[in-house]
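Here is the structure we will look at, set down as structure tokens.
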Amino acid sequence: MAKPDNDSLFEAPPMAEQERMVEAILFATADPVSVTELTGRMPHGCDPAEALVHVRKRYAGRGVHLIKIGDAWAFRTAGDLGFLMQKETVETRKLSRAAIETLAIVAYHQPVTRAEIEEIRGVSVSRGTVDQLIEMEWVRIGRRRMTPGRPVTFVVTQEFLDHFGLENARDLPGLKELRSAGLLENRPPPGASQLTGPDDTEDDDDDDDQVEMFEE
Amino acid sequence: MAKPDNDSLFEAPPMAEQERMVEAILFATADPVSVTELTGRMPHGCDPAEALVHVRKRYAGRGVHLIKIGDAWAFRTAGDLGFLMQKETVETRKLSRAAIETLAIVAYHQPVTRAEIEEIRGVSVSRGTVDQLIEMEWVRIGRRRMTPGRPVTFVVTQEFLDHFGLENARDLPGLKELRSAGLLENRPPPGASQLTGPDDTEDDDDDDDQVEMFEE
Amino acid sequence: MTTDQFQEDTQRVSERVAAEALIVDVGAFEGPLDLLLTLSRTQKVDLRQISILALAEQYLAFVEQAKTLRLELAADYLVMAAWLAFLKSRLLLPPDPTEEGPSGAELAAHLAFQLERLEAMRNAAAKLMARDQLGRDFFARGITEDVQRVRRVTYTATLLDLMQGYARIRTKDDFRPFILDREAVMTMEQSLARMRHLIGFAGDWTDIVSYLPEGWELDPVKRRSATAANFAASLELAKEGKIEIRQGEVFSAIQIRKREPRDG
């Protein structure tokens, strides 16, 4: 975005040229590139956000698409052409049922605490499960919940969005329906909570340990 | 196009579709891909050689080009955009003591020759120090001094004045003001006696001469 | 054996097999809620219409059966059994107005909500995993180029740094422990300034020795310095085209004279 106070000696390159630059930068990397980084790498006065719009249009329907992931952009092959790429297919680590379920809960309920995940699944979450998701860079630690014990929360990452071809977490399949059905609510059990009662203090300790582990 | 001896049950996909396939394969593979390999990967009856011609045309003049390497094909960043493949990180550092002193002398005594700077500082000025100040655009070369050898002089620049918020170099506080502002250290810096060795032969009279010389 | 009896038997057998399969597989359940969700499927109704009472009975029967088979159940399954037994009594007995806490219906509704939510998450997880996935269905760039990291250093200084730097130099002068006397030294600049001034007065060839400042010719040290300075200054003036220099023979006197401007 050419700022009005930009007293650069040079005019920003024409938009067609900026499109070429965006193409080149995004073609050169496998990782999504944020608009901020594009701005930083392109000559002064460029407007990558606008160039991206043009490039996206240009690649619509092609074998390679421009897709948005969070606030970053990347070229990805069209989903219908995956059959051509047997050779490139990377075998992702087989996730356990517990891990898949935990991942879904983090994605749909984020930010979510360990205690909340356990409440939804009705079973204690083994440390390994969350660790595995964090190691895969699909889940990361979010802000602490401002409730007693200040437990850490978990959120999904940009890598998660990238992996599942989601522009942002609001695009999760069926999210709206789940929300309107009240199924994403964290409804406390009526009266005393027999299910989560005695575990509560343990959870807090657990969470603290974990944060220390990550914040080293 | 579908070869006549092709007895496939299916028609080859339309050329536009074949282009998409070539695009996707060349985008996703880690190495350049030969026509033979493309033929092997694409559905029966496809003509990758023709698709490549179309794709090459499509990308002509874009930010990425389709290029031939040996008998294989690959997308590559357009040569003129190579400069985008660097990420600049800016680090701010404090100017070295030698550079600050040299700069101060230029500011207070401009126009000043290298020999004069050395005389005032009492140590020889490394070429790098002055070069650094010139590169920073705080110091520039002024007129040649009309003395034997016609040495170049150094003066401060408008950028220098802007950086330090000065209207002109005469606004710099004088020695008396510096002293009354407590900016004059009362003790010589350690090692100063070594620095003021046999080279340091000028006295106050000399300095006065020099000033007269500059103010002509 | 009648056909009816036979059918009854096979039914019992299949039921028993199913129940045992459930028990043998107990390790595969992700806790009591998961088991409840599996049991609830046998009711073959929407989770919203499920009979929690029937479900509680199913669960308790399952736990009983596990006990007869001497299978050890994890503690949380037993905790759930105890809770469901309590829930069952609440649901069956008329509510006691003196009793505090949530009613049986409220507890049952919450359990139903939990089951529905867990199932919803299961379905969501399945939908998520069914999406096109990077590296499986769609692909990132295969040939990546290294982005060169260029570190640019900008230097900065404040006016205070500048003034302190200057002050440091000048203070150093003030405290200089020893000042060499330069009385006996004449610099070329000094000589040049003098000669530039004097040259105009000399009409004809003059020995450069005559340009020595007054008194300098007496002191050998001063004379040597001044002569050298004068000579260098003469060469400089000759280079500028202001004077001409000549020397008759080796070691003879060097003479200079003002050069007349040609076009003057």
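We call the chains A, B and C, going by the order they appear; numbering starts again at 1 in every chain.
Basically, a contact is a pair of C-beta atoms (placed from the backbone, for glycine too) under 8 Å apart; a residue touches a chain by one contact, two chains touch by 3 or more.
Please read these numbers as outputs of a predicted model, since none were measured by experiment.
J.: Work through the pairs of chains, note which ones touch, and then classify the graph as line, ring, star, complete or other.
T.: Complete.
J.: Of all the chains shown, whose C-alpha centre falls nearest the centre of every protein C-alpha atom combined?
T.: C
J.: Based on the averaged CA atom positions, which chain is farthest from chain B?
T.: That would be chain A.
J.: Where the CA atoms of chain B average out and where those of chain C average out, how many Å apart are those spots?
T.: So the centre of chain B lies 22 Å away from the centre of chain C.
J.: Centroid of chain A to centroid of chain C, CA atoms only: how many Å?
T.: The separation of the two C-alpha centroids amounts to 18 Å.
J.: When the C-alpha atoms of chain A and chain B are each averaged to a single point, how far apart are the two points in Å?
T.: Distance between chain centres, rounded to whole Å: 35 Å.
J.: Chain A: which residues touch two or more other chains?
T.: 27-28, 75, 77-78, 81, 85, 88
J.: At least two partner chains per residue is the criterion; list those residues in chain C.
T.: Where chain C meets two or more other chains at a single residue, that happens at 139-142, 145, 147.
J.: Could you list, by residue number, the parts of chain B that touch chain A in their complex?
T.: My answer: residues 19-25, 27-30, 41-42, 61-64, 75, 77-78, 81, 84-88.
J.: Write out the stretch or stretches of chain A touching chain C in their complex.
T.: 27-31, 74-79, 81-82, 85, 88-90, 92, 97-98, 100-101, 103-105, 107-108, 120-124, 162-166, 172-174, 178, 181, 183, 187, 189-192, 194-195
J.: Give the list of chain C residues in touch with chain A in this complex.
T.: 30-34, 36, 76, 79, 83, 101-102, 106-107, 110, 113-114, 116-118, 120-125, 127-129, 131-142, 144-145, 147
J.: Could you please specify the touching residues of chain C with respect to chain B in the complex?
T.: By the definition above, chain C touches chain B via 139-143, 145-173, 175-180, 182, 188-189, 192, 232, 236.
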